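Taking it in order: structure first as structure tokens, then the write-up.
Read from first to last, the chains carry the letters A, B, C and D; within each, the first residue is number 1.
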Amino acid sequence: MLELTAIVAEVRHPTAHYRVIGFHAPAIAEPVRAGQFVNVLLRPGPLLRRPFSVYSAVGGVVEIIYRPVGEGTALLADLKEGDRVSLLGPLGRPFEFDPDWDSVALVSGGLGVAPMLLAARDARDAGLRVTWVHGARTVTELSPESAGDRSVIATDDGSAGHHGSAVAAVPDGVGGVLACGPNRMLAAVAARWPDAQVAVETYMGCGTGVCLGCAVPLRAGGYDRACKEGPVYRAADVDWEALPSHLHYAAGA
Amino acid sequence: MSVDMAVDVGELNLRGPVVAASGTFGYGTEVPLLERRALGAIVSKGIFLRPRIGNPPPRIVETPSGMLNAIGLQGPGVEALIRDYCPQWAAWDFPVLVNINGESAVEYGELAARLDGVPGVAGFEINVSCPNVEQGGMYFGNDPRAAAEVTAAVRRRTRLPIWVKLTPMVSDIAVIARACESAGADGLSAVNTFVGMSIDLHTYRPRLAFRTGGLSGPAIRPMAVHLAHQAARAVRIPVIGVGGIVSADDALEFLVAGCSAVQVGTATFADPRAIARVHDGIAAHLEARGLSSLAELPRYLPRD
Amino acid sequence: MSVDMAVDVGELNLRGPVVAASGTFGYGTEVPLLERRALGAIVSKGIFLRPRIGNPPPRIVETPSGMLNAIGLQGPGVEALIRDYCPQWAAWDFPVLVNINGESAVEYGELAARLDGVPGVAGFEINVSCPNVEQGGMYFGNDPRAAAEVTAAVRRRTRLPIWVKLTPMVSDIAVIARACESAGADGLSAVNTFVGMSIDLHTYRPRLAFRTGGLSGPAIRPMAVHLAHQAARAVRIPVIGVGGIVSADDALEFLVAGCSAVQVGTATFADPRAIARVHDGIAAHLEARGLSSLAELPRYLPRD
Amino acid sequence: MLELTAIVAEVRHPTAHYRVIGFHAPAIAEPVRAGQFVNVLLRPGPLLRRPFSVYSAVGGVVEIIYRPVGEGTALLADLKEGDRVSLLGPLGRPFEFDPDWDSVALVSGGLGVAPMLLAARDARDAGLRVTWVHGARTVTELSPESAGDRSVIATDDGSAGHHGSAVAAVPDGVGGVLACGPNRMLAAVAARWPDAQVAVETYMGCGTGVCLGCAVPLRAGGYDRACKEGPVYRAADVDWEALPSHLHYAAGA
């Protein structure tokens, strides 16, 4: 875990609703793995940092993808090339690739696509075939940058690809399943593939394991820290009933 | 820096006046300890005799210049603390105080007795002010008699330094402060969090699963400075000021108001180097005023 | 907007739930009353029987998301109030309540008696919670017996609606709330400011000449919501929530937490149109949820 | 008194330490008179507005002059042409010109020069001869834009003009005296010319007369509101002993 001041390298708008911002931060870009996150300090701005999954890490630049929904993301959207922010990262446990897998499905809903670009990279590095399955409300939402992999789209309104949930759209016979998205989607993932790895979201105070604010309820009882033992969990290990699912900014996901 | 920042808080000699506040620095082992030269001491996360799972999520909410937390004193219990953390603390060159909690005065006393003499444990902070547990916690801190009883129960079981962490949720903190002093406290940490609530306008229910939480951060600083000052005026033992410190100037307000040392809590979440920044800033302030030691800082402390 | 925003606060029918808080709107005459359509009521600056010059400056200090004030209830006294302001109030199409203050229960009673029946005076808010005066003020609000005594003294001298303005500086606001209800209050305003202090690092003395002041603004909102909720759970009379409201969402938190109406104070300093903005935002929220009146807003109010 | 959203029209740096920012606000620029002020809202920014004397008012643009010393002025310094801020103004009572005067001395220290540009304008409009007397710590500080009027400079260190205080540097025989600057300077003005008009500074909560935060202690007893009865007072009417003089940002003035 590092704390460093990073310079904004670029800002992009891949879709009407989502934005990408890149920070020059080689010391994080180099070690980061899929599923890990950075904690961004905005000053002047809210008291606490804002955690974001690392979306890509190329050429020393750490990218994150977000939707402006509140105080923090509004300030993020104001940042321009050359501005400085403090980053903490890489944080959390990444997705793990089982040597027995020959293929992997990357299942995402809405902004849950955030860790999947890195997951695809790490999967390819591990010699796995990759199937993307992305669920969106309508076709106008982000489609993952799936770079020649097999790719399945599901939309709530049927405006593109499968009509219905991303989970239902996943073809049979995939090896590993990695998922990220609204909690109710992840609960469905857990029902279909108990061994799937899922990246969850919680409110976070510190992102470094000291505050115990990011509690994830476990089926086995008790709580883990999303920022330290998570954010990636074995799907069946999480007590989905007890994990708050009213993360409102993700509702549009 | 040529300024002498050392400070005696009762029997404890700290190399600087800035202490890590309980619950905001874990057990000191989670994050690589950068710039430990600036750490006066660490107060570890609140512990009970037995393991506690804590409160269900959501446990935190951000508020204007502050945050509410309702962690609920999640912790592994005293035996795991002794096994997993105390040995690491024993190797450090600054003191670690254990923030102790119980549902009765007897439990507090037993916890102190169990930890007394364990290498790595330099002292205790008695938490009679946690707003986030159903039993015990703030109840003891509201009532001078109960606070004194808990303090005395711990005093009987240890010769190590004892700080009592005061709750701000009282009409007259001086009364509680004096009660703890009389019962044998070596110092008073002032203050713990203020009870608050935040409502979710999607669910029309409290955002925190525990419904209420403890407010910390810069929002509470003016109140914390006032309460620490009131406590310092009321007693002869040292007061450790805590509440909303982000900068050296914030810390200096508590020190001028009569505190011997300060604790930094929530600020660490945004800036893991907050303690060193505050420490260095205090030294720079003293130097700029031509003062060669913290002891020379003017205090505003009219006695009651 | 087709939403019905009217609300009955006891006998008072307000056309909207947003009230101007005492001491932050003067006598309603200082600033041109823009958008008065949105004003539920005004509570005038706190008054004593006799003129008071107030505290020496500095009287205010800005703090993180808040401010400290120590005005000290400067005011012209009741006779000037009746002469200079009541005639203007009598012409307005919304009620003005007078925030009354005294050094004894008798003084509060006399003030109410003098104002009872004066055209323009629609009711009283009893201030037993001002932290910025040496005599009276917060002292009455700290003690259930004293709060009840003051309330009863006013009740005996007027049939106009009486709200009692509660202090947050208590361990259990429910006790005070019930005491005031039993003594005849028609409503409770929760809460007044929290005591705080700020130290000037040039002079090493308090920034405020009065040394301490009352903390207001968004910083206190989570605590105020909690206290208003505790009060609302404890009594059957309406509670008027106050503390740190800037936006409609802030006001809605108080309303969901069990308040019948809200007061906006400090926010008016930055935005003289704050009350209209909050009023319109509440209406928009209700409309977006398909609710046709404020009365339909869901409340979170488990009873004690 | 108006509340309006104004667009930043220009920013200037007349000296190394001072900055000028102009807001397009004809509704304030037109009626404003010397000694009045505007109350500026900075968002995101501190809770309270910041009051500033109106420095000039030409072509519908209200200018203020300031030194970045704290939270509010730092945000002010970040504003760029085209940004929007909310202004309240014009506020307070202006300087009054006595019909018996034939000349007027404008005595300022440091940023106390702020209201003097307008005062000179109003004085000339009233047919008065104008003498500027400006006190500074050293010559590097702002000299007023005195446009051909008689002008006297005093510096604490003697690096330019009179060595010593601005008050001592005022020539005899001036008609009216208008002054603005650190309180200790204004107290000296009061001692020499009891009838001088002085513009004082206090902390302000509202700027509109409702909060009573801006109390100015009066010789006659009691307190006035700097934002309503002031900020311009007859020098002898203020109780200078009781008016706080530790306005630290003005210390450099």
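The rule is simple: a contact is a pair of C-beta atoms (placed from the backbone, for glycine too) under 8 Å apart; a residue touches a chain by one contact, two chains touch by 3 or more.
Computed from a predicted model, the values in this text were never measured in an experiment.
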item	value
Label of the chain whose CA centroid is most distant from the centroid of subunit A	D
Whole-Å gap separating subunit A and subunit D, where each centre is the average of the chain's CA atoms	54
Subunit B and subunit C: spacing of chain centres that average the CA atoms, whole Å	34
Computed distance of Cα centres, subunit C from subunit A, in Å	46
Subunit B, residues touching no fewer than two other chains	61, 65-66, 217-218
Shared interface positions of subunit A, touching two or more other chains	none
Category of the chain touch graph - line, ring, star, complete, other	ring
Which pairs of chains touch, using the document's own definition	A-B, A-D, B-C, C-D
List of subunit D residues in touch with subunit A within their complex	44-45, 75
Interfacial residue positions of subunit C with respect to subunit B in the complex	61, 63-66, 68, 142, 169-171, 194-199, 201, 204-206, 212-213, 215, 217-223, 225-226, 229, 244, 249, 252-253, 256-257, 285, 297-300
Touching residues (chain side subunit D, partner subunit C) in the complex	1, 3, 41, 46-49, 86, 88, 202-217, 221-223, 228, 242-244, 246, 248
Footprint of subunit D on subunit C - complex, ascending	23-26, 30-32, 45, 53-62, 65-67, 69, 71, 74, 200, 202-203, 209, 217-218, 266, 268-273
